[in-house]
Each structure stands twice: as structure tokens, then as C-alpha cells.
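The data blocks that follow each hold one structure.
The following pair of complexes shares a single chain, chain A, combined with chain B in the former and chain C in the latter.
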Partner chain A sequence: MKVKVKTFARFRELFGSDLAIDLPEGTGITGLVSGICGNDPEKQDALCGKEGNILGHVIVAVNGVRLDRDDFPTFSLKEGDEVALYPPVSGG
Partner chain B sequence: MEGSKISVEESERYCRQLLIFGEEGQNRLKNSHVAIAGAGGLGSPVAYYLAVAGVGSLTIIDKDVVELSNLNRQILHYDEDIGIEKVESASIKLKRINPHITVHAKSENIDPSSVDSLIGDASVIVDAMDNFETRYILNSFAVKNRKILVHGAVRSFDGQVTTVIPGKSACLACIFPDVKVSDKVPVIGITPGIIGLLQANEVIKHLLGIGEGLGNRLLLWDGLTGRLEEIKLKKRPDCPVCGNEYSMED
Partner chain C sequence: MIEARSVEVFIKKGKIDSNIAIEKAKGPSAGAIVTFCGIVRDDGISKLLVEADEEMALLDLQTIAADAQKEHNLTYVHVEHRIGTLFIGEIIVLIVCGAGHRKEAFLGSEYIIERIKERVPIWKKEYTGEGERWVSSEHE
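Now for the complex of A and B:
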């Protein structure tokens, strides 16, 4: 299945924006981010660590709706889903 | 409505916006008190535009003094202000730009023991801070005291805005449960300009009771692509700050 990943702020610099990703059916959020981080330590540090656990501050939205962290383990992506990955900014 | 009414001179000053919300709306702004936490990149445009719009009472809170490196983005402050308190610099400009408003300048740190007296009876708090440690203090105070909190933050060409409506919408602890401390954040002044004006727009709408606020909506501004995106949010029932709050509708 194909899903679209939109990235923002520092993630856009690291991962590029508007990624089209081909994933096995039933892949979840953790599988998605592990896939886009690969073995790149800089990407892992920014998004998901070596174990693929999405860092606590990262906001994940699917089709424009924020996905709660508690739902990550049970959530499965579907064909055509659009995932947004956003590292909140903090300056003023 | 109760409170003071705009003068003839003020009617002339605000005549273009009276065409939008009338004298009653303008009187409402005149009798409003907004606290702006931070007189930097975000706080500058927020304060400027709330002042010229005629929000009658502005409290500006910031402990810092003006430095040369502030001047690419903190448009309330000029070269000649370097070394003076930001709130003093802000107060001088705001009173010149609109002599009909009152500015309360508070050069203090916001911490759990000071926040109550600093915010006072302001009904709306603008989060124009540069760190999440203080934002969490403002958030807890706003939720507990049922004050509207308009959040903004920036980095480089990117920014975010949302509004916390206690009892109704997700609070900052729901939305950003674990934001790390960051050091020197890259910023071009345009970004806090845009985000600050979105915050000021939120404040005006709330004070007038018009439009649709940004409760449960996180706006993301990407200046490099010129796109504004929205993420829909909801309160977390287990939020340590607002999870036990009763809904305003209860």
C-alpha cells in the first residue's frame, strides 16, 4: 500500500517533504517511522531512537487528526493515508 | 455593556474597524485586559497590533533587557533601547502608538509563585515566550483560572499557533507533553511576525466573541513553501493538567 508522509520544520530538512512510501499492508506508525529513519543515526536521534520508539515530543497526525501515543501500538495505516510528522518548535 | 465608552476622538481613530464590529465591539476592546508574556519576537507584533486595535489594558511581562542580537526580529525595540528593560522599551512605543490604552510593564520572571500577580485580572494570556518551561507554567495557571491562552512558537521559517480554552479544548500539556529545552533557536523576524499576528487575531476574535477560534486546532506555518496546515486535536482524558477539569458545558 502507498501512504504519503508530510514533514515539517526540522524534519523537512532531515527527511525531505511530501514523501510517497510503499509499505506492507497493516504497517503501523512505528513501522513507518522505522522505515523512513533506516539506519541513519541523525534521523533516529531526531524521530524514533534506535528501537523505533517515536520520541515523546513528536506530533503524529493521520489524515489531519492527531494520533494519541497510546494508540500507536494498535493503529494500522491504510492505502492512501496521509501521515504528518511534526517536531514542535519552541522559539519566540 | 458596562465599563467606559470610546470618546469621539477614539471613534475617529478606530473608524475603519467600527465598520466591522461597531461601537459596542470597540467598547468591549477598550474594557479588556490582555497579558502578553514575552516582549520579544512574538510579543512585539502581538503588542503592536493589540495596542493599535484599542485593547484598553495591556500587561507586558519580560525580565530581559534589549540586546543588539534581538533587533532582527523584536520590532518593538530600537538601537537606542539597547541595555534598557524590554518592558520599558515596549511601554514607551505602545503609549506613543496609542495614547488611549494603559500599559502595565512588569520586568519579572514568570514562575509558579509570581504568575498569579503578574497576570492579574487579564482574561486572555498571550504565550509569546521562548521556552516551554515557562509555557507549561502559563498553561497550568490558565487552565486552573479559566483564562484563554493563545500559544505561538517559532523556529527558522516555521511556526505554530493554537488556543487553549480551559474546559473545552486541549491544553499545552495535552498537545506538547514532552518538548525538550532547546538552545539558540534560529529565527528570521518574518516568522514571529506572521505567528504573532495570528495570535493577535485570536485574541481579538475571542474578546469580541466572533469567528472560530483555534481551540483543538494546531496551525502549522511553513514559510518556505508558503503553506498553512492544520492538525485537529482533542483533550487527553489523562492529561495531568486539564484531565480532571470539568467541561464548561457541564
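Now for the complex of A and C:
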């Protein structure tokens, strides 16, 4: 299945923007971020660590709706989903 | 006379003029108008870049402003956040809250800026003589 990933600010510079990712059916958020980080330590440090656990204050939204952190382990992506990855915010 | 309650939120590239919102906040029920301006501070930077997920940020600002109005009984709420390149002294964010009394207007304004800093997808990057850096979150 294909999902689209939008990134912003520091994540845009690290991962690129508007990524189209091909994933196995039923892949979850942890699988997605592990996939886009690969073995790159800089990417892992910014997003998910070596274990694929998304760092605190990173926000994940799917199709415009923020996911609760508690739902990360059980949420399954679907074909055509649009995922937004937000680094910790600093507006205001 | 009962005023229609009003909430206005904007994300914009051009300079912010606080006077327009202050004038709009005036009305027969508004005994107090509190204005908060977040300003580009000279921390040895030459400029600031502000980036947002505009669609989500606008929805968030709308929700936060409406919550503040309800929670603090505001007669008028105006929230305006700038994006793009800004220089020292320019307004990054403007919050104008009108209320019957000062306490509500102060509390409403504080509620809005704290929620913005906590969750709205907006980021700042500072440019200095040595290079550039993303500003870290107060909640990181």
C-alpha cells in the first residue's frame, strides 16, 4: 500500500517533504517511522530512537486528525492515508 | 444591547497591524481589551523564519480562540500569527481579547498564547552570523 507523508521544519530538512512511501498492508505508525529513519542515527535521534518509539512532543496526524500517543502501537495505516509528522512546535 | 460574539483567526505573510483588531474589539459590552504581541527579540539573530502547517494551524487557532471565548466569557477574540521571514522588532503573533472586565481579558489572552506554544504546528528558525537553528519547544 502507498501512503503519503508530509513533514515540516526540521523534519522536512531531514526527511524531505511530501514523501510517497510503499509499505506492507497493515503497517502501523511505528513501522512507518522506523522505515523512514532506516539506520540513520541523525534521523533516529530526531524522530524515534533506535527502538522505533516516537519521541515525546513529536505529533503525528493521519488525514488531518492528531493521533493519541497511546494509539501509536495499535493504529494501522490504510492505502492512501496522508500522515503528517510534526517536530516539537515553537510558535507564538 | 447584546453584541454578536466574534472570533477571528488568521495566518498571514504580511506585517501585522494591531490597531485594526483593537478597534474591532471595541463595543458596548467590552470594558477591557487586552492585547498580547509576541515580538522578534534580538538574541544575536539577523532574521527569523516562521513555518506552519497552515491548514492544521488555522483549525487549531479557531478551536483555541473559541474555547477561550467560551471559558473566559470574551466579547471578541482576534488571533493572528505571522509566517515567512521576520526581522527584529516585528510582531510574530497578535492576540486581542475583549471582555466585560479586565480579568477575563487577561486570562483569555494567556490561555490562547499558552495553547499556541503547546500544540499549534508552527515552527521558528533563527538565523545568526554563525548559521541557522530551529528554535526548540518550551515543552520539549
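Methods note: the second predicted complex is superposed on the first by the 90 of 92 C-alpha atoms of A that agree within 3 Å, B and C clash if a C-alpha of one lies under 4 Å from a C-alpha of the other, contacts with A are read in each partner's own complex, and residues count from 1 in each chain.
As a convention for this text, a contact is a pair of C-beta atoms (placed from the backbone, for glycine too) under 8 Å apart; a residue touches a chain by one contact, two chains touch by 3 or more.
Everything numeric here is computed off the predicted structure, so don't read it as measured data.
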Combined model on chain A: chain C and chain B, fit or clash: clash
When both partners are placed on the shared chain, which of chain B and chain C touches more of chain A: B
First (chain B), second (chain C), both or neither touched by A:17: first
Chain B versus chain C as contact partner of A:86, first or second or both or neither: both
Touched partner set for A:73, first chain B, second chain C, both or neither: neither
Where chain A meets both chain C and chain B, residue numbers: 6, 8-10, 56-57, 59, 61, 64, 84, 86, 88-92
Residues of chain C defined as touching chain A within the complex: 38, 50-53, 55-57, 59, 81, 92-93, 113, 116-125, 134-140
Residue ranges of chain A in contact with chain B within the complex: 6, 8-10, 12, 17, 55-57, 59, 61, 64-66, 68, 84, 86, 88-92
Complex contact set, residues of chain A against chain C: 6, 8-10, 56-57, 59, 61, 64, 84, 86-92
Chain B to chain A touching residues, read off their complex: 38, 40-43, 128-132, 152-156, 158-160, 175-180, 182, 185-187, 192, 218, 220, 222, 224-225, 229-234, 236
